[in-house]
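Chain lettering (A, B and C) follows the sequence in which the chains are written, and residue indices restart at 1 in each chain.
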Amino acid sequence: MAMQMNPILAIVLGSALAVFVQGVYATTAYLGRTASLAKFEQPVYIDILKSMTTVTMAHAFVAVFATVTMCHLIISALGHPFPLPLLGLIWGIALGAAGSATGNPFYGKERQYQHQKFGAGVPISASGNIVRYAEAGERNSLDNGFFSAKLGGPASGICFGLIVFFELWRTVIFEPLAAGWGAIIIGVVAILIFAIIDRYIEVWARKTFGPYVVPGATEEVSS
Amino acid sequence: MSALGGPAKTAGVQPPTGMGLVISIVLIIIAFALAYFLLQIAGLLAVVGITVGGILIGFGVHFVPVGGAPAAMGQSPGIATGVPMLASGAGLAGLFAGAWAAPLGLPIALASGAIGGGLLMAITCTMVNIIYIFGMGIPAASGKVDKDPITGDTFPEYKTQGTEGHGLPFISWVGGVIGGALGGLGGTLIYLEFLDIYQAQMPALLSATGEQIAPIAISLAGVFAIGMFLVNAVLVAYNIGGTIEGPHDPKFKRAPRAIIASAVASAIAGVFAIGLLELVGVF
Amino acid sequence: MTVQVEVGVGGIPHNKIMIYGLVGSLILVYLTYLNEITGTEYFAFFGGLACVAALIWGTDTIKILCSYGLGTGVPSAGMIALGSGTIAALFGATTGVFAPIVAVIIAAFIGAVCGLMANHVVRMDIPVMVVSLTELAVIGAITVLGLIAMVGGTFNFLDLVIGTTVILGFALQTFEASVIGGGIIAVIFMLSAIAIQHAFNACLGPGEKQDRTLMLAAECGFLTMIPVAIMSFAFVEFIPALISLLVSVIGWAYTYAKYIELSKRDAFAWLDAKPIIEPKGGA
């Protein structure tokens, strides 16, 4: 507003700037850690730097642009009192927490330990034994995009989307009811519904997958 | 990981030192006295509110099941993120909801904040379990207890050999939601206390109406609330040593230490935040 | 984080860096006061240079603190630094010309309280904890104050809450379009929090060398200055903002190039794979 710029153009330029900063941080982090591990004779692969950085920046641009646009709409269309940078900070941190919580295990276990048997955690003794050869030769981080797109990525997006949706939906629709308490009651109901869903799938998993060991016996039964 | 002679690892929970307790009590009294001196009863009530908010955050973060990097590999139960970021995510979503409901009065705003934080954690914990169960085929199992205190599920036979457990057992899920709710509640309380003080003082100071100074009051209150949230979350992270499984974890017994630390840090920081406007125009 | 944290030997002693950092950044922040004296805004970029000096000091402090084995990650140190420093910085901003000094004193107090809580109540029992958290809070406060001065041209609170917007051709003074009212503090908060902890976190490892880490700290500082300079176009005149932007970009390009050079020096091997040449006539 102070600079007389169209809000959408401002969001695009702002996202581009943020993605530039993110790309630089990514390159310095990669160079720094690998150079500090010279004792273990780890080389610095410059072709990884050249090929990965732009892809990461592109993914980040989509994420940042979508989040900032969402915050802008929350302020201008739904009337939230916070200024845009503050709201961006809040939803950015929430996105990081929720998205990382959902996506991390999928990449960490399924992709990195793809040769471990499906259906069990990774024992601590096998910790360093990650997959080094992937679909077409040596694995590098660029392959993770197509792998995570199968479950981890969309699940993180759905998690964050559900959070934002339920927050906004319960407030906008139900706050006028019951002198403001309507939104609170619906929120409690939503939490209880998620508790039931969670309990259901937990019990389903125990019944369908079965135990690793027969309770009380000492030999292992493969599941 | 103590390369330079860090804390001596003794068994059991070490209580705060005598000097620590004395300093804590002295600092809280100083904070309350300073608040009363600067802003009389309004200031004292505000600092009490901020201290209570800090305690709620400090206590609430202990409920959240944080697994760290091993959880991402299916080696330990909990959510695969770090303590400050996960706690902040929940608390800030609560702050978002609470700030939106602020015009409706204190009880509704606080309840909104609590529900906001609790809802984020409920959805996140459910999605984490979905990933573990449907994406990786791993049922939930805790490594610290043999039976779930709430549902009675037994864990030893569902735990992969060689790991500390994996996934989110129901007690951890409930712990996560409670932690998010308490964090959202505490964060919203701190924000509302700041907002009240600033909205009472600023119109006279800047010779403007209440609505006009609202952006400044909201911005300042919001940034300070986030800052205090992070300070409390980091102190709790120091307390639990990075990972915790939830309320059933033996590490949970360390909570009283963090409550005292949070109370003091919040009170001192809070006093400076509300005394901010007293000095405008003095120099 | 499975890499053992060890203190790099050699290099400039920490106390020397601390004195240069503290005195240097304070002088640089005060240089922005030339804006008030000369009535222009050309000296705003000194605030950003103060931020760079403070970050170099802060990286060394975090290195010393984290080599004792905190049990939690490095980013938490940056969060607690900024959380306590922001309150002190804005408190200091209300005192006009004494802002940097007051901010340093208040930040030292809040940081010491957090350190005492962490050591004596939460029982981290790390020898340098109190001193380190005090230093970190001071660094956080100076960083925030310097960047605020760069964005707004001044570190005076009363000038930071007024901004101009142009509606229908008329320039209006509003609170909403100001540095504080527009929530710019939130952006500065997060940029600084990431910058403080990135340099050490990225250079962690047995082969960590102080000159490379500090060069990365300077690069993070200049990188932080770039978005802040772009934001300042909305609050200061065009030419001063352009000067800020040029200083930031040139400083960043220089430190980034030097950092890559130092990484090349320290790395085990620097492998640049060539594209596979297709044999003539098809494979």
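Assorted remarks:
In the analysis below, a contact is a pair of C-beta atoms (placed from the backbone, for glycine too) under 8 Å apart; a residue touches a chain by one contact, two chains touch by 3 or more.
All figures in this text were calculated on a predicted structure; none of them were measured in a lab.
When the C-beta pairs in contact are tallied for B-C and for A-B, the bigger tally goes to A-B.
Chain centres were defined as the mean of their Cα atoms; on that basis the chain farthest from chain B turns out to be C.
Inter-chain centre distance (chain A to chain C, centres taken as mean C-alpha positions): 27 Å. Put simply, the C-alpha centre of chain B and that of chain C have 25 angstrom between them.
Separating the CA-averaged centres of chain A and chain B is a span of 21 Å. Within chain B, the positions touching two or more other chains are listed as 69, 85, 215, 219, 222-223, 226. Across the assembly, chain A contributes residues 82-83, 86-87, 89 that each touch 2 or more other chains.
Contacts with at least two other chains are made by residues 176, 181-183, 186, 189 of chain C. Listing the residues of chain A that touch chain B in their complex gives 80-83, 86-87, 89-91, 93-98, 100-110, 112-113, 118-127, 151-152, 155-156, 158-159, 162-163, 166-167, 171, 175, 179-181, 183-184, 187-188, 190-191, 194-195, 197-199, 201-202, 204-206, 209, 211-215, 220. Within the complex formed with chain A, the chain C residues making contact are 3, 163-166, 176-177, 181-184, 186-187, 189-190, 194, 198, 201-209, 212-213, 216, 219-220, 223, 226-227, 230, 233-235, 256, 259-260, 263, 266-273. Listing the residues of chain A that touch chain C in their complex gives 1-4, 17-18, 20-21, 24-25, 28-29, 31-47, 82-89, 92. Across the complex, chain C meets chain B through its residues 1, 4-7, 67-73, 75-77, 79-80, 82-84, 86-88, 90-91, 94-98, 106, 109-110, 113-114, 116-126, 157-158, 161, 174-176, 178, 180-183, 185-186, 189, 193.
Chain B contributes residues 1-8, 14-17, 19-21, 23-24, 27, 69, 82-85, 206, 208, 212-213, 215-216, 219-220, 222-224, 226-231, 233-235, 237-239, 241-242, 257-258, 260-261, 264-265, 268-269, 272-273, 275-277, 279-283 to its touches with chain C in the complex.
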